Amino acid sequence: MKVLVISPVARRPEEHLPLGGLATAARPGTSLEKVYLDHGPASVEGELDRALATPGVVIRACEAEQQGFDAVMIYCVADPGLQEARQAVHIPVVGAGQAGMLVGALLGQRFSLVSPLSSSILFYENQSKVYGLEGKLASVRAVDIPVLELDHAPEVSMRAFAQASVQAIEEDGAHVIVLGCTGTTGWGPRIAEELESKGYPGIPVVEPAICALKLCEALVDMGLAHSKRTYPSPRVKPTTGYDRLYDLLMTLEH
Amino acid sequence: MKVLVISPVARRPEEHLPLGGLATAARPGTSLEKVYLDHGPASVEGELDRALATPGVVIRACEAEQQGFDAVMIYCVADPGLQEARQAVHIPVVGAGQAGMLVGALLGQRFSLVSPLSSSILFYENQSKVYGLEGKLASVRAVDIPVLELDHAPEVSMRAFAQASVQAIEEDGAHVIVLGCTGTTGWGPRIAEELESKGYPGIPVVEPAICALKLCEALVDMGLAHSKRTYPSPRVKPTTGYDRLYDLLMTLEH
Amino acid sequence: MKVLVISPVARRPEEHLPLGGLATAARPGTSLEKVYLDHGPASVEGELDRALATPGVVIRACEAEQQGFDAVMIYCVADPGLQEARQAVHIPVVGAGQAGMLVGALLGQRFSLVSPLSSSILFYENQSKVYGLEGKLASVRAVDIPVLELDHAPEVSMRAFAQASVQAIEEDGAHVIVLGCTGTTGWGPRIAEELESKGYPGIPVVEPAICALKLCEALVDMGLAHSKRTYPSPRVKPTTGYDRLYDLLMTLEH
Amino acid sequence: MKVLVISPVARRPEEHLPLGGLATAARPGTSLEKVYLDHGPASVEGELDRALATPGVVIRACEAEQQGFDAVMIYCVADPGLQEARQAVHIPVVGAGQAGMLVGALLGQRFSLVSPLSSSILFYENQSKVYGLEGKLASVRAVDIPVLELDHAPEVSMRAFAQASVQAIEEDGAHVIVLGCTGTTGWGPRIAEELESKGYPGIPVVEPAICALKLCEALVDMGLAHSKRTYPSPRVKPTTGYDRLYDLLMTLEH
Amino acid sequence: MKVLVISPVARRPEEHLPLGGLATAARPGTSLEKVYLDHGPASVEGELDRALATPGVVIRACEAEQQGFDAVMIYCVADPGLQEARQAVHIPVVGAGQAGMLVGALLGQRFSLVSPLSSSILFYENQSKVYGLEGKLASVRAVDIPVLELDHAPEVSMRAFAQASVQAIEEDGAHVIVLGCTGTTGWGPRIAEELESKGYPGIPVVEPAICALKLCEALVDMGLAHSKRTYPSPRVKPTTGYDRLYDLLMTLEH
Amino acid sequence: MKVLVISPVARRPEEHLPLGGLATAARPGTSLEKVYLDHGPASVEGELDRALATPGVVIRACEAEQQGFDAVMIYCVADPGLQEARQAVHIPVVGAGQAGMLVGALLGQRFSLVSPLSSSILFYENQSKVYGLEGKLASVRAVDIPVLELDHAPEVSMRAFAQASVQAIEEDGAHVIVLGCTGTTGWGPRIAEELESKGYPGIPVVEPAICALKLCEALVDMGLAHSKRTYPSPRVKPTTGYDRLYDLLMTLEH
């Protein structure tokens, strides 16, 4: 099965990053391809970035359907373009944020989402309502490190996430931690160890990007995709300044 | 006071429409100016259109703050760019959707939103949750007439809205009707009359665009704007393909 | 437009207070008149006071409708008589409490209400449910100063409100403050300054009485009033001890 | 044990009714006394009536505490004065409405309240929220017979209640019926039989007045009363027009 | 009236305990009989114990119906077998947990449940949702003393419950305390005194086992039992390893 | 990876069924083994059956952990023993019900669960609350065919499920269908076709057993299991009549 991984940021070809932990998480038989956007923000850290990424994500999803991919995953916990791409295509589209929250809901009574910046706390609270999971959300916490600086000093960042996770457990009643940035993919086991060393063994630390990949695999295996009653195909009509998207939608419609 | 009315659609200058019912609704001392977007959809009928309108709405809001407007209103019940523009500027930004729902909540136990197309039902349900008003929402109903065709046969459209309103009252328990498209501005009293003639007197029919204008006036009078704790200013950082927006955010920051 | 301001307390003519900050908040063209009750409590600080004020508020609302007022506002955050007056009359009736909570909901993710006495905390929690806004209420906090003593040492009272607001922000996650007593009308900007000086800029401090006035103006402008499906006219029938009210209801019915 | 039954309506001595079904429902050792109000409405059918009854109910509750009663019950499903009386006295005060809803919640997944007039539907919906039982309320239905006419043709009224109960079961998913008027006390078994004859056996039909009596007996047996943290004693202060109440509160305070 | 008290633990005859505080709480005319299970856990402290007790509780409830008991109460706050026994029999079945929570809801705005072990916190949170009372639950707290050790040093245990109750009041906003173990029956007044001595007078301390007894008495008095629409009789069919239960269900069916 | 499939019913060896659709749904590298219970019901159709199955499910889960299985799935939408088995073991335990509901939540706005018998409607409503998904549940519907008769006339049963699904879409607003019995595994595509032929294309029909398998695979791939803070290991203590279970728990503890 072929899964397209959309990184919802604009980045020049020479800056493209490899799949990293995601590649090793794919099971045999799953082939991954990663793409970036032509237009979009440098990182997704709030409502505005998310909006700027959305048109590009829909374009990439349409291209994926055209090119025969079996599923699309959005490599960002803010899920930019998730609802919109689901309207545009019929193949499954999975966002890291919704995937991570659902796995968090599966594994315990309440989860906390630990994210890089406090500017996205409101957004994640609202998303949990849209996904129908607000009753499972213990809290959203932030470590106040910009996304693009997370790997400047990974040990420091990791400890900051572990520290915020401890606070989520002690003060907010979290039973599960969901990492709030795909930039932390691969850190889960290390943070779980930290939690164990601080007296909290048996706390799952969920990595949303990997959850999204696993749910893509699961949906393709099951032959399921999102409901077209929830995500009806958009009526295609003229737009100004989004020619590439318009052309793709016109093509897919026929 | 000066209020900018942002119509979140791209339209050539020769197609610009006058303010219509909104002009007469402004009180003496309120001056209105209406703008369209350079890039965006032809109409807003679902999640995707909304996303395409958002960058343009934020640009217009930034320009309004630069040019000394006292407040901004978004002339669309889907509130494209509402959260994002509030992050970008300090002057009040009011969306027709949130304004109409709040007035609906003020006037009765439960309101129904009657919108042109069923493709936006999911969206309005989700918005009511984000606005914290899901407990007041009786239902979202659609008349299945595209936005741009509403005024092809206004009498027919108006009767369709009245008919859907009757169903909302009878089947969903609505006590108040909120019209789900700014394209219906001015139809309220006619629809209320229709409801009265069908045995439902005393049902307020709320016109969201006018509510947004009235709330702009009220907020400016009171010297209040949205909380910067909910809508923190975005960190300005490079984007690809949104130069105008980037320049505006850089300017406003200084 | 003529708006009647009902202060829901009994007070001898020589003790009547002027309109204060409310007068300057009215826009040109709005004329205000303030009345007190013949029978009622000295101040409204809990469920029982609220009940004692209700018959008098309904009487004043009926008189307002008879005398051609365009709208009525109840000058008290506990909204005594709001539901009952809406049943009795057709002109808009706005309570400071509901108005302040709705504006709080408009401006941010969560608001806290800061009130004089803890005896009304339960009441405000319940009202937020009745108004469908419990999901937006971060907390109710009290400064423990009786209403009638608020202006004995206004500086002290104001600092107490600011202090409780800081706690609401830090401990309860409030993004907006709603002042829980009309006796604080005019203190908003000062409290907002205090908050800014304590490290919390950009927090709106909402004054419910002014919100009620602005919503009265807005509703009259829009030609809207409360739903008669939510607030059906009461069947008029004999009562003992409420002759004045009975006569008014009889008159309005015909 | 001595329980005072407060009928929250004003009625001349010659019109006082006996205890009826309530007397036979009391267990041996419980002595009941029934009182009416000096001032108040002729019947309680909406928010306004409820407000008019409240001061009188508090007066009667204070008198009961003075005279050594063990508990007070309010003989009306609208629970006028329930919160206020609990603030004023320390002996248990039970309202028929809250009692009936709690027993409804005990006996099945969802209950419907069937009340005389539709003017109280909104009120009961709101009360269920205040009592924390909105998730158990399937619906409120009305038979549109005024309270004082319920016993003009009891057979007709009873059939109307049974018919509305059937609709509540079939259309609203009710599993339990709570009768929404104390004027129907004694009708429960007959209505349950009707339901059985219409194909719905095993549906409890709850009579709120009897529930209130049983909860009074239970609370006195257990030595429990309402929390003074929820219902703090009111600060006693001057009122105009409520001298009797003021005197009682002053006396109880010392 | 005859009420069967089912202690949902397996215990040899020589270990059976007398009724204790429950006996004195019964009113004249109520005769109690206490039984244990043949198969089951030694104490109920979590989901698993609860599951092991359930078949035995249903057996005892069936026997009670066969033998002419008027009602059954389950002497355990975890309510093992409550739903299942209600399906099997027509006489009222009351669980201490649901009874205690309902009385907690009756007496104040929010109650906290104080239980022996933290292993049951999750369970009680979930039960409050199933009973529709999650909005009234301030918190569940645990003293971390196993059920069977509660009476090793009753003074120590009692103080631990009082201490946890103080924390529930101060940190969680509890207005009422519900004791989370029937092993504490009789401790209520002592804990209430402790709370008073620590500055919290007027806090009801609810003993669930006694509440269950009182609700049994109330239901039998009122001739009410659980809804057969919520708890339909099970289709009787072969089981392996539960012969006694199967035989009883077969007998009751005919 | 080795996954144990626990069918929570007692069945003699000669009656054991093959894995059926589940076998083909497993990906290469996943080996499945199916077991039945020694003691338990013949089928799971309500609360009582579920209780009778629970001890046996926990036994099978303990054995699986002892024997080196990587995960356990419960082959029943009622999830008997899910919470209890998670307390007992550290390997992931996935129930078909929770798995199906989570996938339903992933794929659309609201799902309906279509189950064999109406006796389990209440149960599924409650489970959706325990899983935090009540806001996504449109309804539970039943076809009124006992579980063990589903395959007597599979075509009839399938049409009944399709018919109930159509009602869920039309009357309850379902966007996704979750089949409420593992006995329907394999019917999904056929029912989806039926829905398409009746005018409802693009409706996912979710098969919970396959979802459980896919989530087992995903969790094992990710190295995640349930939170031990939500599901703490039970204190092992004597039980009567559950020797096998006691021995297993004792063994696993060391």
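Order of writing sets the chain letters: A, B, C, D, E and F. Residues in each chain are counted from 1.
We take it that a residue touches a chain if its C-beta (ideal position, glycine included) is under 8 Å from a C-beta of that chain, and two chains touch if they have at least 3 such contacts.
Because the structure is a prediction, the values reported are computed rather than measured.
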Most remote chain, CA-based centroid, reference being chain F: C
Copy-to-copy rotation for chain B and chain F - C-alpha atoms, rounded to a multiple of 5°: 120
Chain pair equivalent in interface to C-D, over half of contacts matched, among A-B, A-F or D-E: A-B
Where chain A and chain D are represented by their mean Cα positions, the distance between them in whole Å: 53
Chain D-chain F separation of Cα centroids, rounded to whole Å: 45
For chain A, residues contacting two or more additional chains: 109, 122, 230-231
Of chain D, residues touching chain C in the complex: 10, 37-43, 45-49, 51-52, 54-55, 58, 81, 83-84, 87-88, 117-119, 122, 126, 129-130, 146, 148, 230-232, 234-235, 237-242, 245
Of chain A, residues touching chain F in the complex: 25, 27-29, 90, 94, 98-99, 102-103, 105-109, 131-136, 169, 175-176, 189, 200-204, 206-207, 210-211, 214-215, 217-218, 221-231
